[in-house]
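Once you scroll down, you'll see the structures, which are given as structure tokens.
Each of the next two complexes has chain A plus one other chain: chain B in the first, chain C in the second.
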Partner chain A sequence: MLVRYIAKRLGLGILQLIGLVIGVFFIIRLLPADPVARLVGMNASPQAYAQAAHQLGLDRPLLTQLAIYLGFEPSVQPGLLQGSLGASWVTDSLVMSEIAQYLPVTITLVTLSFLLVLIVAVPIGMLGALNPGGRTDKGVFIYSLFAGSQPEFWWGLLFVYIFFFRLGIAPAPLGSLSPMTDPPAPITGFLLIDSLLEGQWSVFVEALDHLMLPVVTLAFVLSGPIIKMVRQNMLRALRSDFVLYADCVGLPRDIIARYALRAAMAPSMTLIGILYGFMLGGAVLVENVFSLGGIGQYAVRAVLAFDYPVIQGVVLVITAISLLVYLALDLFHAAIDPRIIV
Partner chain B sequence: MPSSGKFLAAATAAFLAFTSLPASAAQILVLSEDVPAGLDSDGPSAAIPTSQSGMVNMLEPLVGYAAASVKEDGVIMPDFSKPVGLLAESWTYDPAALTWTFKLREGVKGCTGDTFTSADVIYTFARAKSVSGAAPIGWFLSNVASIKGFTTDVFGKDSKAKELGDGIVALDDYTVQIKQSQPNALLLPVLAIFGLQIFDKKIMEAHATAQDPWSHDYGNTVNAPGFGSYCLDSWQKGQSISYKANTNYYRGKPAIDKVVVRRVPESSNRVAVLRTGQAQLVTGLTPKEFDSLRSIAGITVEGVTGNQNLFEHMNFKSPPFDNPKVREAVSHAIPYDQIIATGYFGQATIWQGFVPSGYPGYVPSAKDFIYDPAKAKALLAEAGFPDGKGLEKFVDNLQLSYVSEKESTLGPIVNILQSSFRAIGIPVTLNPIPGTQYGDRQLVKGDLPFAVNDQEEPIGVDVGYAVQLFFVTKDKGGLYNMVNYSNSKVDDLWTKARVEPDANVRNQLLAEIQDQLAADVAWAPIVEYKTQWAMSSKLTGLRWYADNSIRFFDLTLR
Partner chain C sequence: MATVDVDTETASAARPRRRVDALFVLGLAIVVVVAILAVIGPWIGAYDPTLTTPDVSAPPPSLTELPGLMSTWLAGGPAPHFLGTDTSGFDIFSRLMAAPRTDLVIALSANGLSLVFGLLLGLLAGYFRNFVTELLMRVSDVLQSFPVFISAMVLVALAGRSTANIVIALAFVYTPIYIRLTRAEVLNQKNRGFIEAARALGNRELTIALRHVLPNSLAPALIQSSVTIGFAILLTAGLSFVGAGVRPPTPEWGLMIASGANEIILGEWWSSVFPGIAISITVFGFAVLGDALERRNEA
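Now for the complex of A and B:
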């Protein structure tokens, strides 16, 4: 049953991706500018323009371009069917290898932030819900309002000012490692993992140190809505019949809280999963403030430069990850509530 | 087994000793808005200044300019009237045969120890003429300088036209001859530009493939091997690049052994890190940030009036800007002093011309571009729009466009302009658009009606070159002409100036062109703003180049 469910979901996911690839291919070509202009900056003669358009393959008919991108013309250049996302029009590097460079940075940042949020937000949200209207609850309300009400880049800049510039306890916002440190040779692309695999303990510690402030910034901003949501869901669960019943039959409070948490987690996890997928592209402001070369920055630069292969590649990869996260969430749901699969 | 382990340890230690720098070695950290996206001068990112900054530190041109006797604000300025040999030691010119004979420097070595010879020069020009890169900049510069054979034929079907031919020939290992198809004063200026810096043929050819015989992929993604003062140490696009000194460099080993350039997109963070002393040099700050650093102990802010400027772009094909009175009215509605004070914190001067004032042959306009709202109103009335009446039908064309990525610098300026234009009755709205879209509309479509532009820096130091870029009619040889300006007098004068061998006569022709541009208000020049850098006070020796990139070779760390 479960295997069939997963297979069905994956099949559906692939269909969604195919639709998306074709959709994005046409939509970005509706953007109000021509990517060739950027290339010929110094030299806009018609001949040079034609030459640049030819180099990018933009002089071919649109459907031919699509066929090449999808990989139906491997003699021209490898496409999606051959596992290639093409080369960036700005850097001439393979989009696949650039994504492999940028994506791990964002995944690390976002995953650590969500872990921190879960560690902090779930107990706080629960506490608030267990004593609605109490002092803790009011404190939680004010905190979540405060944390969620300012944009993350503002908090990031403020944290940089306080913890790096004023107090000197955080490292300079110069990326994942100090500029003078040699990064470990990429194995997985994840700095934290690679440094451990290669036994470079000091690099691992340095990377964690550099991640501290961005993770705290992102977690701080994300914790606002998540605490509120956990609190709401928990409150609803606490008022549900089965909890009232459990209370009436005299079950201990901690067991009741556990029951309620289980019921409250399902909807909370859905939102957290959606937020996670969203943050893969949406952490760009935090990446920017801390000079972390992540996928969000990469995507924004691609859009500003009208770098079609990169835009297409990033959308495809992020969507694929989001689909996998949703699938994992559904499986998690199913584990809590097996009725879902039927 | 133990012996192989020992051997490995010894080899590692030897390798580390070889690659790591001695403790006393000077190194600096530079924070920049970006690091090179590519290092191929004919590559897709070659038009991006941060990419050029990598090329100019690793490759060397044939010629450059001598230093002027007077520094500006502590920065060494070039004397554009004195070209000097770099990879070329000297040259002679035979006007009858239109032939330049360059004697190349001997004993010049690249990063891997390859010796520079005429074969490298021939390779570089043959590569340029192959127009095999994404943006044929080498061909373009050669074409602008009338080097024989570098015509638009290279873009045709005939593969012969893409071969070097006899326009550039090597007479021996250290002598190269360049022929021109007509007299053209631009040869030496273009040879000083990054797009014609010389590649190390041996390394480039070693990385050629059947699909990419001119090693563009290698240049775009791996390295730019040449004979410059620095060699590539490591490069992670979008993150950082580091250079190590070329110990073989012919002008002497650079004083700074290692330069690490790190991308820090948030300019306020570049400021903060510089202030803590962890970085030694930062670029690309806003005028306000430069100003805030001026009073900080241990930090020096230096700036020069080089070739950066701000002007009002008015499209001759977009009414009401086809009306000369309207253009003139706009020029008198610009509060120049307020823009200098608020937009540039005093680090700018009113621009009274159409080419950078430091370029030889620059002539300040006889027509004064001054702020005079009463005159602007009168001119607007003369144009048929008293108090702006009648302009409402041009609302689309009265959107003042600017590059949205430059909001922090241009935002305050466009707001001043908008209020000032509205005060005389021109209903201007603001229209920030992404840089690529701006470039596309400006350069390719030519349909940007009204804009402020602060990014035109003629990299070829010559008035004729700047006029060809911006003001000559496109079918008469003009290149950008983003305002669709067309005046047959200017075209004729430029055609004459292009082939005029006598420098004085040529300057006279170019002066006449500049007068005509002012009379036509071809655009409304606003200010020349200073190109600024902020650095540790321990860093000295900064020198300005027309491409606005720093050569780390010039710097010394006290």
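Now for the complex of A and C:
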């Protein structure tokens, strides 16, 4: 039963991915951008222009280009079916290996931010829900509206000004490590993990130090929707029958609160998962402020340079990860509530 | 006395209570101020928001300097730079006041477009359930699960960084929300008695959908508008910040923050801080208003 469920979900996900790949392929080619002119410059001779277009494969008919990208013409160049996302038009290196280099930065940033939010948001949301309508609850509610509607890039800059320029307790927003430090040899690609594996404790601490402000910035804007959701789910759980029963039996308040929290967390996990997938691309602005070199910054560079293979690759990878996160969440749900799989 | 108390209680329970909601008033006030600035903003500042001045990177004057600067101004001298100037010499106060026209016009038009498309498609998807509308829902699922910032950035950068293209891109990324909201409400409405009555009277299905179902399914989408307009302002500013939005020297808050982003490490805080406060308050206002409207609708 479970295997069939997973297979069905994976199948649907792959169909969605194929649809997305083809959709993105046509949308970016139908928009009036001219990547060839961007590459060779405005004053290039018609011959140079034609040669560049030929090199990029843009002189072929659209459907042939699509077939090559999908991997139906492996004699020309490997495509998706061969597990290749193509090569960047700007740097000439493989999109896959570039993504493998940038993605861990973003995953680290987003994961640490979510951990921080969960540690802070769950108690705050509970605090509001335990006394609905009270002064604390109103404060929590207004805070969640405020944090959820903020320009994160501006807060990042503001934190840089306060904690780097004024107080001098944060490093300059110029990357994941200071330019003087040699990064550890990549094993997993995750700076924090690699530095630990290689026993470079000082590099680990430095990387954490450089992540501090970006994580706080992202956690701040994320805390808005998450606190709001925890509060709502908690309110709903506290109104349910089993809580009423526990109350009647005379159980102490903190035990009731723990019961309600467990019931409130299941629906909360769904939204957290959706937000997580969203943030892989939504962390762009924070990455930019702190020059972290994550996948969002990579996407910005590719978009501004009309680097089509990179744009397609980033969209595909981010969506694939989101779909996997959704699937994992659904399985998690199914594990605690078997009624879902019918 | 006791009976009077009971009477007022039952009366207030029967009638939906219309308390003055402080948050509603706050949100509305912010939105109204921004709307007024969108109309008269460009004429408030003493300087042209799109022209540079010879003063480069001038910090905002301190409160003690202000009276002196004001009297020179009144005596026919140059106007003071109330919030300083940025590295190009633009007067920050003048640009700050002029920016709502750019930001709000983009946000309102994008929201209007996506609202119209979302309502119509949502109505179709909810009222006529078939293969085509199911496909529409799956497509909007995929669109909705993808980070709006990246979608909007790709569309704007490849279509060309014009105001019209920003509006179209934002409308594109926000339409799925309205499709979903409207469809849910249409599903809720279409089995009601008055729809049955309209059908019994011999109305055509399309007429019923447009004249009877649609007007009764508007509320969720209209309420969402306030929140979406706020997010559209955030997105517009973010696009300008990474260089995929409006072009300088258009007065726009995100562009203003970007122009000061490199100097803030060096301590030149004023070019980024003031426009950021403006965005922060504005979007908060729209979010608060949207939330208050939602609670009113539920009550």
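Everything below uses one rule, namely that the second predicted complex is superposed on the first by the 333 of 342 C-alpha atoms of A that agree within 3 Å, B and C clash if a C-alpha of one lies under 4 Å from a C-alpha of the other, contacts with A are read in each partner's own complex, and residues count from 1 in each chain.
By definition in this document, contacts are C-beta pairs under 8 Å (C-beta built on N, C-alpha and C of every residue); 3 or more make two chains touch, one makes a residue touch a chain.
Predicted model, so just to flag it, every value in this text is computed and none were measured.
In the model built by aligning both structures on chain A, chain B clashes with chain C.
Look at A:Leu304: by the touch rule set out above, it reaches both chain B and chain C.
By the touch criterion stated above, A:Asn288 is placed in contact with chain B and with chain C alike. After overlaying the two complexes on the shared chain, residue contacts for A:Ala33 are found with chain B and with chain C alike. When the shared chain is aligned, chain B and chain C each come close enough to touch A:Val160.
Once the two complexes are overlaid on the shared chain, A:Ile274 sits against chain C while remaining clear of chain B. By the touch criterion stated above, A:Ala172 is placed in contact with chain B and with chain C alike. Shared-chain residue A:Tyr49: touches chain B; no touch with chain C. Of the two partner chains placed by superposition, only chain C is touched by A:Ser149; chain B is not.
Stretch 401-409 of chain B is the one among 41-49, 401-409, 473-481 or 509-517 that clashes with chain C after the shared chain A is superposed. Residues 32-33, 157, 160-161, 164-165, 172-173, 288-289, 303-304, 306 of chain A contact both chain B in one complex and chain C in the other.
Across the interface of their complex, chain A is touched by residues 23, 138-139, 141-142, 145-150, 153-155, 157-160, 230-231, 234, 237-238, 241-244, 254, 257, 260-261, 264-267, 269, 272-273, 275-276, 279-280, 283-284, 286-288, 291 of chain C. Chain A contributes residues 32-45, 47-52, 55-56, 89-93, 98, 101-102, 157, 160-161, 164-165, 168, 172-175, 179-180, 182-183, 288-289, 291, 293, 297-298, 301, 303-306 to its touches with chain B in the complex.
Chain A meets chain C in the complex at residues 16, 19-20, 27-28, 31-33, 142, 145-146, 148-151, 153-155, 157-158, 160-161, 164-165, 172-173, 274, 277-282, 284-285, 288-289, 296, 299-300, 303-304, 306, 311, 314-315, 318-319, 322-323, 326.
Considering their complex, residues 27, 29, 31, 37-38, 40, 43-48, 131, 133-137, 139-140, 152, 155, 195, 216-217, 220-221, 234, 236-240, 260, 262-266, 268-269, 272-273, 275-276, 278-279, 405, 434-437, 439-445, 459, 479-480 of chain B touch chain A.
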